[in-house]
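What follows is subunit A paired twice: with subunit B in the first complex and subunit C in the second.
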Partner chain A sequence: MNFRALNHEDIEVFSEAISAFFLNMTHESAVVRTAYLLDGSSAPLWSDFNGVIDVSGGFRGSITFSAPHGMLSQVLQAIGEREHSVDRCLDVVGEIANMMSGRARRHFGEELAISPPSARLRTLPPSVPRATGVPFAIPLRWRAHEANLVVHLDIRR
Partner chain B sequence: MPSLQSFLPGKYRVLVIAVAAFFFVSVGVYTLNYVLLQNVERDARGINAGGKLRGYSQQLAKAVLTLSHESAAGDPIQTSQAQISEAYLAFDLALAEVQAFAAESQDGPALELANKLDRQWQPLRDAAIMLLASATPEQAAVEAAATLSNTRNVRLLQLADDLTREQERLAADRARSMRVLQSGAITVALLMFAFVVVHVARRLSRSDREAEQARRETTDILRTVREGLFLIDRNGTIGTQRSEHLARVFPHPLAPGDNFLVTLAALVTPETMDSARQYIGLLLNERVKPALLADLNPLQRVQLGQAGGSRAKYLSFTFQPVRDGARSGITGMLVAVADVSQEVRLERELADAEERARSEVALLLDVLDKDPADVRRFLDDARAKLDGLNAALRDVTPDARAYLTTVTKVFREVHSIKGEAAALAIGAVAAQAHRFEDELGALRHRRTLTGDDLIPVATGIGHLMQELAKIDAVISRLAAFAQPAADARAQAGATHPGDDAVLQTMQRIQRLALAVASDLDKKVRIETSLPQVGAIPEAVHRLLREGLPQLVRNAVVHGIEAVAERRDAGKQEEGRLRIELARSADGGLELSVTDDGRGIDVHALRRRLTEDGHRPAAEVAAMSDRDVVATLFAPGVSTAASVSEHAGRGMGLDVVGALARETGARLRLASTPRAYTRFTLQWSPA
Partner chain C sequence: MKARLLIVDDSMVIRNLIARQMLDERLPPIDLVGLAGDGEQALAIALSRKPDFITMDLTMPNMDGEACIERLAEVLPGARIMVVSALSDKATALRAVSKGAHGFLHKPFSEEQLVVALLELMS
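For the complex of A and B:
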């Protein structure tokens, strides 16, 4: 099966989904700080809380949103939640993964098969990557915190 | 004349016949009623006439008796005579009626009774006439008449009673027959009515069942068919029925009553839409055979414009004219839509695979033609540059100025990679770098940059890395083949003759210059001067590899004129490009690139600086010629009218300037308009 390299539009779908989440929920934008390739020497970006969607169909790979506990606590505070428990933080990254999933479906069309978005703790190791292409990291800043979007995706031509 | 069968549609024929029969039966019943009522009336009259006979007989008997008494008493008899006259005439008439009724009824007893009445009546009638014959009839005649009247009157009364009873019996028989007939006729009419009702009900029921089955089958077909099907009228208005698959295939909802052509226009290019309108117009033309139009369908495979940059969708539309009947005109069209995206993608995948195979072969041939060490060094250098750029992206400070600096750095390095790739004739990398430059160029002209803008930079680096990886894969495969031979040589103690790296670099540069000149339809002769200069430091090697291609490309693109221009300027058609590498008296190295082209037009350069927005007009006016020329080494400044693979980015001399700084070279530029341009790089002795 032939896979094409990712275009910036393919990545922007996910970064825009995250930005939209922050803007809608907290009325404060999360801004993309930069974008770069995660080469073999880079440590995997796997933070306190991770929202993951695995894709298949004409696609192969995963999209991960990793955020530190401090950021998610402040998000919960911003949306009026008093409880900042682990479960609530997992809910937030799960919701972001869900939003990315919806946007991805609209962007990539019916061929994209998406597994149910999952929220995982740092203590759970990241799954073995299924994509063979180079993953892209997009750090996003919200207030003083930085989260990472990692798009590791092969797209069939 | 058309027969009834052909006139009446099959399913209505029986119904019409049944209704007609019901109508005729109803008319028959009415007629029968009419006739029977006449009989009843006649019977009534007959019975009435029988009753009259009784009355007239009595009246006559009474008058005869009265006349007898009056005659005996000598009283006047005229009144009695008048009564006798009236009574016998009335009896005659009544008897005639009775006889006529009896004759009409053909009833034997009635006829016999009528005849008996007549026979009994005639003597009495004669006697009455005799009594009337004279104003003073004889007493004896009167007595005889009275006697006859007494006797006959009783018999006449009896006969009249018998006749009346007979007539009543006849009337009763007739009334019974009439009731039977009426009942029968009404029963027949009711049966026929019931038949009509049952038949109609069954017909309706069957029609309903057939309609329901047809509807169910149509629904099943429309639900199951793997094509989007719907009808449009001649104006393009969409009908009410459509297959379920249509919603999956067609990206916009098609509501009944919408205009298909209007909806389609929003999804395809205006040119395709114009062609589609013409094609549909031809299909609706009765005089054009649809078979002739099959190949003209512009919507046979059409790409739809999709919002959001999602994957391209290709649909195939076919149109089939629809007619109400075989002989009627075209009333609309059946439109079938199928999603052929997968088919198109597979075709493209196949074409891509073939193209990749071809390009890999081309790449293989390209690489085979080169010094493996050069290619390996290029790959290592390029990869190192891209890794460095990626690190710069990762660590960039999040502000617009730093973003712009990073983008400019990426641009410079990519331009350098492109130059080296072109010098090595590795077209795939050069082309990919050129596409990347397009994106970077657009970014550099933004007023302000944000972190989002670095996403295309990262993907561009990824694409270039992918191209490098392809070459790496080819080299690795070649190395795998060559390894046994190399091992054998090593074992045999053979030594590989060392290549003159500078000489090979110059050969590559010559090929690059000729290729660029050929692309631009220019003629150029390259002269190289490479005296024995001894060992060359790596820094100079690097500039030869990365900077010299930029200088040579710059000379061919901007310096050397086109053939016609040179001819007009009184120069030889063939431009001259001289590359010299020499060791100076103090032991340093000097590289110069000289072309006999149009030189640097400082006025034109000033104009470009202002027009392209690099500097404000006042600032440019205040700059010295030297400063103006120095801007050629700034990123983004170019005198080319448009961007091509070879020029227009304004990055070539920026790369050279940066390399000069990094390698510690002194860079000089000398030029005379319409005569020559020379770039010189000087390295002090180590």
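For the complex of A and C:
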């Protein structure tokens, strides 16, 4: 089966999804920076909390939102959640990954089949990647916190 | 009489967020009859507590939202269901409606969008 790598237009959809999440849910914009290729020499972007969506259908790979504890605590506070425990941070990091992946279906259509999120602490290593292309990282800043959306997808031609 | 609401989402943060908006003064009085984390739990609660209104996520473990909507349309045809999902393509929304959903709210949503969607569901 033939797969192609992501192009600029595909990546733009995910940058827009990041903006939409922070603006709608927290009423505060995030600064979304330019996406870059995560080649072998890049530092790993695995953070305190990591929400992972496995992707299938006409696609192969995963979409991961990685964020520090401080950011997720403040996101929870901004949306009115009183409890800021580790469990709640795991819940919200998975839900953020879910929202950003789901929104990308506006561009890719329902062929982008997404799994329920799995959320992992920094201490659990990332899974072996299923996509073969080079992943893109989209860095963002919200309030004083830095996070990353890593999009590692092959798209069926 | 209070409107009976069931909230279905695999995220507790989202369940809590929707539950908090029930107190908005524009909405009719609401009795929260249950919180479910997947379609199987939702069906069990719906059968025992008979909600009038249901908010339904789609991407969930065990039984997903589409399958749950289909079953609810059979066993609780009077319940009005609003999908609250991140899946934002048109085909998914149309399919959910064809299976028995009465409305669709895309995540991420603002509190205002949620209240307006609940008002429409309950009108």
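As a working rule, the second predicted complex is superposed on the first by the 157 of 157 C-alpha atoms of A that agree within 3 Å, B and C clash if a C-alpha of one lies under 4 Å from a C-alpha of the other, contacts with A are read in each partner's own complex, and residues count from 1 in each chain.
Basically, a contact is a pair of C-beta atoms (placed from the backbone, for glycine too) under 8 Å apart; a residue touches a chain by one contact, two chains touch by 3 or more.
Since we're looking at a predicted model, the values are computed, not measured.
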Overlay on subunit A: subunit C relative to subunit B, clash or fit: fit
Partner chain in contact with A:143 - subunit B first, subunit C second, else both or neither: neither
Contacts of A:5 with subunit B and subunit C, given as first, second, both or neither: first
Touched partner set for A:109, first subunit B, second subunit C, both or neither: both
Included angle at subunit A between vectors to subunit C and subunit B, based on C-alpha centres and rounded to the nearest 10 degrees: 60
Subunit B versus subunit C as contact partner of A:95, first or second or both or neither: second
Which of subunit B and subunit C A:21 touches, first, second, both or neither: second
Partner chain in contact with A:32 - subunit B first, subunit C second, else both or neither: first
Contacts of A:69 with subunit B and subunit C, given as first, second, both or neither: neither
CA minimum distance (subunit B, subunit C), superposed complexes, angstrom: 7
Common ground on subunit A, meaning residues reached by subunit C in one complex and by subunit B in the other: 106, 108-109
Of subunit A, residues touching subunit C in the complex: 20-21, 24-25, 27, 76, 79-81, 87-88, 91-92, 94-95, 98-103, 105-106, 108-110, 114-116
In the complex with subunit A, residue positions of subunit B that touch it: 308-311, 313, 345, 348-349, 352-353, 356, 387, 390-391, 393-394, 396, 398, 450-452, 454-459, 461-463, 465-466
Complex contact set, residues of subunit A against subunit B: 2, 5-9, 11-12, 15, 31-37, 39, 106-109, 111, 133-134, 136-139, 141, 156-157
Residue ranges of subunit C touching subunit A (in the complex, touch as defined): 10-14, 16-17, 20, 59-61, 85-89, 91-92, 106-110, 113
